[in-house]
Structures are given as C-alpha cells and as structure tokens.
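Residue numbering begins at 1 within each chain, and the chains themselves are lettered A, B and C in the order written.
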Amino acid sequence: MKKLIYISLLLFFAQDVFATIIHVGKEQNIKTIRQALLLAADGDTVLVGSGQYHEQNIIINKSIALIGINHPVISGDNKFEIISIKANAVTVEGFKLINSGVSSIEDFAGIKVYNGKDIVIRNNILENTFFGIYIQYGINCLIENNNLTAYSKIEQESGNGIHCWKSDSLRILGNNIIGHRDGIYFEFVKNSIIWRNVSEHNLRYGLHFMFSNDDAYICNVFRDNGAGVAVMFSKGLKMIRNYFEENWGDGAYGLLLKEISDGYIENNVFDRNTAGIFMEGASRIHMEKNQFIDNGWAMQIQASCMDVTVHNNNFKGNTFDVGTNGNLVLNDFNNNYWDKYEGYDLDKDKLGDVPYRPVSMYAMIIERNPPAMILFRSLMASLLDKTEKVLPSLTPENLKDNHPLMKPLAL
Amino acid sequence: MIIASNVSKKFGKLKVLDNITVNCTKGECIALIGPNGCGKTTFIKSILGMVVCDSGFITFNGKNIKHDWKYRENIGYMPQIGRYPDNMTIGQVLNMMKDIRGKKNFKLDEELINKFGLDEMLNKRMRTLSGGTRQKVSAALAFLFNPDVLILDEPTAGLDPVASEILKEKIIAEKNKGKLVLITSHILSELDDLVTQVIYMQEGKLWFHKSISDLKEDTGEEKLSRAIAKVMTQ
Amino acid sequence: MKKIIKYVIIDILRNKIVLAYTAFLLLISISIFNLEDNSAKGLLSLLNIILIIVPLVSLLFPAIYVYNSSEFLELLVSQPLKRKTIWLSLFLGLAVSMSFAFFVGAGIPILLFQATATGFMMLGAGLILSVIFVALAMLAAVIARDKAKGIGVVILLWLYFSVIFDGLILFILFQFADYPLEKMMVAATAFNPIDLSRILILLKMDVAALMGYTGAIFKDFFGTQMGLIVSFLVLVTWMIIPTWLSLRKFKHKDL
C-alpha cells in the first residue's frame, strides 16, 4: 500500500517536472489568463479559479489545456472573440463564456478553432455569444457536453451555435443549443458524427448540412426550430434515431432533403411538424422504421425525387400522409402502416389485400390551389375524396403502398 | 263591450271580412251564423288578435286591441279544434294556463272540469285523448278563469249529448251572470234556447245583427233554424 | 316567459324524435371513442356528425314541431300573452332542448373521453350550431305556411349550408385561381356557420397542416384572440338575425 502511494506521488511529481500546472485566480500570483498563457509551454495545464475575467481576446497558440474550476466567467464585453485556438491538441474545459462581440464582417465566436487537430472543447457554458463554437479546418476535434444559449431575434444579426467549416472527423456529442441562427451548421465537413445533442428554438434550422458527405447524426432532438433540419447538397448521410418535433410554420419541416443522394433514414420520430419530411431532388434514399405522428403532411415528395424507398414505417394521426406535385412517381412505398387504411386482410398475412394510396384527392387540390384548404374536412371535400378512391383521376396512379401493414409496427 | 268598426281583411285576393261593423254588449248571447267560409272564424280570430285586420279597428271596453294583449285576460276562448302539445298531460296543460294567467284570477271556475270528469284523468297525455275529450279540455279552459267574455267556436262539435247539455247549461248560467257570449255553430237547433241576438254573415259581409225576437217577428217563424232558412232564401 | 319555456321543454324532452336523436348521438360517440384505437380518427367521425347530423336534425325537428303546434300556438295567442313572449319562449324551449340533447348525446362522451382543446371546441361548435339551426328552422316555418313546403325549404337550407355553399366556394377558387383569394375566403366563411365552426375545430385538430402554406393565413386570423372573438360574434349574429326576422314575421302573422 505504501509503495503504491510512493509510486503515484512519484508519477505526480514526474508529470509536474515535464508539464507544469499554472494556477490563475484572484488569490494566486497570476491574476489573468493571458499572463498564464505567456508563461505556459506545450503540454502545460492552466487551471483557472472561479471569478470574472475580462481579457479581451484570449489567443491560445500552444498545445495546452485550459481548464476552469467551477465555471469561471470570461466575458467578451460585447466586443471581442473570447477564445481563439491557433494550435493543435488544445483542451478548453469548464468555462462560462459570455457576451462575445457581434460583427457583420467577422464571425466572432465564443470559442473559435483556426486550423487545428485533436482539439477538445468540453463542459463549457456559452451565453449570448454571436457564434458559439466555431471550427474551421479542424481535424479530429471533440466538442462535448457544452451548453450554448443565445438570444437571437433576427436571422441576419445572429450566428450559429456550433459552426463547422471544411473539417474532417469531428465528434459533436451531448451539446445543448438554444436560440441561435442554426443550431449546428456543417459546410464541407466529412466523416463526422453528431450524437445526442439537443437543438431547439433556433431561428432557422436545428441542424444544417451543406456540401458535407459521409457524416452521421444519431439520437439528437430537434425541436421547435424555425424550419426544422435542412440537409442540402450532400451525399452518404446517415440519420438514425433522431426526434424532429414541433417545427411549425409556412415552409417549416421536420427534415428538409434537397439534392441529397445515398441517404439512410432509420428509426426517427417525426412528431407535430407542418411537414415531417420534405424532399426535393433526393435520390437513392432509404427510409425505414420511422414514425410519423400528428404531422400536417407526413411526407412531401416532389416529382424530382427518384429511387426513394419507404418501407416499414408508421404513419399515424397525420392530416395528410403524402403530398406531391406531379404525376411522375419513381419511388417505392411498401409495407408501411397507415392509420387511414380502410382495406381488409382476408388471407390473414397481416398485410392489407388492397393497395393504399397515401395521396388524397384533396391533398392534390390544395397543392394546386392552396386557399382550398378552407374547405378541408367539409362534406364537399370528403365527397371528392370518396369519388377519387373509386375513380382515380388527379392522384398519381402508381404512388401506392401495395402491401400496407394492418397493425402498426412496434417501434 | 266589443265594438268592431269597418273591419276588413283580405287573404290574398279573397276578401274574408268586408267592412264589418258590430256592437256587442254585456249580458247578451250572440250567435254568429253563416255558410261555410263566410268569415265567422276569421272575425272571431280578429277579436282575439290572432288575425290582424287590414283596415278598421276593434275596441274592447273602449280600448283599441291593436298593440294590446292584456285585454285577453277577460276573454275565454274555445277553439274549433283544440290541439295541445302531445306529451303534456291534462294536468300540465291546466297548470300551464293557470301559470300564464297569473295569480290575479285566483277565483277559478272548475265546474266544467269536475262535471266533465277531467279531474280524474289529469295524468293522461294529450296525444292519447279522443277528439271529444280534447274539446272538453278546451271548454273547461275557456270557462276556467271566469272571464267577462266567452268566445266559443263550434263548441258542441264532437261532444257527446250529455257533455253537450252540460256545456249549454253552463253557457246559459254565465250569460245570466251578465257576461257576453259569442257562439258560432252550424247546428242552429241547439242555439234556440241559448241566444239572444243573431249576427248573420255571408261572403265576408255582415247581413244583419238583430235580437232573436226581432228576427222571429220579421220572419214570422218560431224556430231559429226556420227563420234563418227563410232569410237565406229571400 | 319562463312558464311557457318550462312547458315547451317538458313536452320536447319527452318527444320520441328527440329521445331517438339523443340515443343515436350517444351510441355513435361512445362507440367512436371505445372502438377506434386511434383517437384522431374518432374525432374525425365526430366532426362529421357535428357538421352534418346536428344541423340536419336541428333544422328538421323544430320546423316539424312548429307546424304540429300551430293549434297550440293559436291557443297561446288567444291568451293574455305578447306574441313576442310566445315566439321567444318557443325558440328558447327548442334551442335549449336541442342543445341539451346534443350535450347529453355527444357532449358528455367528449368530456369523458376527449377533454382536450379539440374536444371543447367541438362541444362548443355543436351547441352553437344547434341553436343557429333552430333559429333558421323557425324562420322557415314562419315564412312557409304549408308544412310540406316548409320541410322542403328546411332540407334545401341544409343542402345549401353543407354542400352547395362549399361547392360554390370551390368553383370560385378554381375560376379565379390567379387572384389572391385568401382574405376573401376568410370573409366568405362568415356566410356559413358550418364552415366557420369547422375551421375553428380544424385550428385545434390540424394545427400542424394549417401552419403551412395558405393555412397560415387562416391561422393568423382565426387563431388569434381577436379572430376567435370575431368568429364567436359572427356565430351569435347567426343566432340573432334569423330569430329577429322570424319574430318580426310572427308578430304580424295571421293564425
């Protein structure tokens, strides 16, 4: 036992020899972080005690760990970028960063990474920052358990929560992002994962992908954002076990897919959105085991989509199941559960014997003449829908689920 | 008591009342007589305010009845066909009428109710009653509140002879108390011992308004029916 | 006035048609809530009942009742009563009875199984529609002397409000598709109490869909406090105007 203590003490001091710990705080000799950073060398740790720090712009250009104890507050005094990281292998942990500068020329952020590898940003609280965490040219960075809150009112004057640009192999885990322009923004980012984040009440999108390939987002919650989640001009994305909730309004979606190919959408829940999924120019998308509940439109597939397969999903309580704007359908629906299905199952194979047509007549009428929404659910509209079921004329002939499930899938 | 002066009424193109002027006084029992469609019922209805006349006016105790409704407190009306809400009982109908008339007339005249035996079937629903029983209810209601004026439209139609007799006696008794009674009837024979005056109408016009003795004298007939027949053939 | 209302209600509530109507509503709404595993679908069926059956029965029954009580009305008129009192009592008696039948038949199941915003809106709409169509039925009955004609008028009224009006709207929408018609559509609903009630219910039931596209315009109007108050006032106007017209007519009617 004694030996063990000696060894650990030895190890402790040994580390102290090679990597110094520098303490910063009111009671310490070193009062400011900037001063500590001047003294520090690669591999050192700067421990910051609690208190308020006003240090203008803190630039980290050494591979150090900057660690706050009890969330010391660093303010940007509404003028400065708070922490700028310009080295590899930097850790920033445990701070509360408030009031960054706001600029229409420069993208001020709470923490900004300029071209770095192996950077860890963890357990920080960011409040009222312009951009929250900004990564450009980052490789293998970890952004974990940060809380980002902004109070944006106008899209043009607000920044994104976690903004990533031209990066590779990022891990964005367990962050909470509220009130920014886009909760998480990806542009030219590849091989990255977004896992267990909550992004809500953002002005534009909860999550926004542009030109980012081979990424995955899993187990996130996107709630009540201006327009939901937008995934545009990207390839090979995996979207699994996410919640898309309460994205309401004109042009608001749970998930917007625009010019997307080779996507995989599985086990997500789309709950109370104006449109659960809106697809435009999407191709080779596979959707299964998703739940669409209480949406205005569960899914809107524009005629520009092809090779979209929709299998084994639940559609419940949606005002309209599927909307489309043309008669050309190159997509495949099969084995889904539709609560509006009125068919029968005589051979007891748990599949309906007659196909289900998820596009209703009145959905097509509203597509062509939006004010006709005013007659929705009137006797007139139901009569039209019933006639259409007998004699299809407006709805696309081959948009149908040939083998609808009789019972919902347990998901 | 009731004065009609120059009362006219048209239903569409048909003139049902043409310039009628009549004066009815207390203590008289007046028979309104005339062929079918001569305007008897319409005239009664205009007195009751159910039909609003086009020109002329009617006064009740010196007051114009137009825009008035209180005067009907002093009238008991028995319609030709009495129909009541199907699901009400006789008792409920009686109570409702008592409620409507209010408590001022606390001296109720329930003689007919008792004599017709209505008090023993107060729980019967109106839809289950025969036409005659309904007439009994109507008659009982007309007399119930001791009104100064009684207006009876074909009172004995549909009544059995016993009930008919009871009603006639009641009419005479009320007339003798000094009330004004207006009766229409087709069965002239039964009016003989009731009426004191006759109003004869034809095609909406008033032909004459005479006391029964004058009429008999003029025609030289003893029976009212014969006297009227003579007038009609003249 | 209270006295007559009391007796009219006693009479109507024992009426076989009203009892059958109540039982029918009760049966349908309880089976809707018990058999449908999906409550949204159940509410949809209930919506159809409120928008189709309630107006139809609330038109037909009072009209027939007024015709059947013509002799009783005569009797009442011969009593020391104002015609206004008689007519308003009859209206209130019928309106209360029909609303009560709806409340027992559909309202109580709604309160038991669907005490949500949608449920409450449906309950309110059903009660208001009952009263409005009683008023319209009485107007039709006082204008048309003949019973057969009156019932015909009442059925036409129902057809007009539930199908023809909407057909016209749809026709206009497609004829003038190039013009911005949204605001006009909002105004048009004021002319049909069934449409207005339907939209108020939709705002609770299909909020998500109504937030999109043009729906947002309806939401912007009807969804606001102001819009709700205006809609309510319009519905009240639909009760008052037919009643007032029928009363004016009844005051001068020869019985």
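As a working rule, a residue touches a chain if its C-beta (ideal position, glycine included) is under 8 Å from a C-beta of that chain, and two chains touch if they have at least 3 such contacts.
Here the structure is a predicted model, which means the values were calculated and not measured.
*Asks:* From the Cα centroids, identify the chain that ends up most central relative to all protein Cα atoms.
*Replies:* Ranked by how close its C-alpha centre lies to the overall one, first comes C.
*Asks:* Where the centre means the average of the CA atoms, what chain is farthest from subunit A?
*Replies:* If we average the C-alpha coordinates per chain, B ends up farthest from subunit A.
*Asks:* Suppose each chain is reduced to the average of its Cα coordinates; what separation in Å results between subunit B and subunit C?
*Replies:* The mean C-alpha positions of subunit B and subunit C differ by 42 Å.
*Asks:* Averaging over Cα atoms per chain, report the distance between subunit A and subunit C in Å.
*Replies:* 48
*Asks:* Please compute the C-alpha centroid of subunit A, do the same for subunit B, then give the distance between them in whole Å.
*Replies:* The answer is 89 Å.
*Asks:* Which residues of subunit B touch subunit C once you look at their complex with the stated criterion?
*Replies:* It is residues 9, 11, 45, 48-52, 69-73, 75, 77, 79, 81-88, 92, 96-97, 99-101, 141 of subunit B that touch subunit C.
*Asks:* In the complex formed with subunit B, which residues of subunit C make contact?
*Replies:* 3-4, 7-8, 10-12, 14-15, 68-69, 71-72, 74-83, 252, 254-255
*Asks:* For the complex, which residues does subunit C have touching subunit A?
*Replies:* Listed in rising order, the residues of subunit C that touch subunit A are 38, 40-41, 44, 47-48, 51-52, 162-163, 166-167, 169-170, 173-174, 177, 181-182, 185-186, 188-189, 194-195, 198-199, 202, 206-216, 218.
*Asks:* Using the touch definition from the top, list the residues of subunit A that touch subunit C in their complex.
*Replies:* Listed in rising order, the residues of subunit A that touch subunit C are 248-252, 272-275, 294-297, 316-317, 319-320, 339-340, 366, 368-383.
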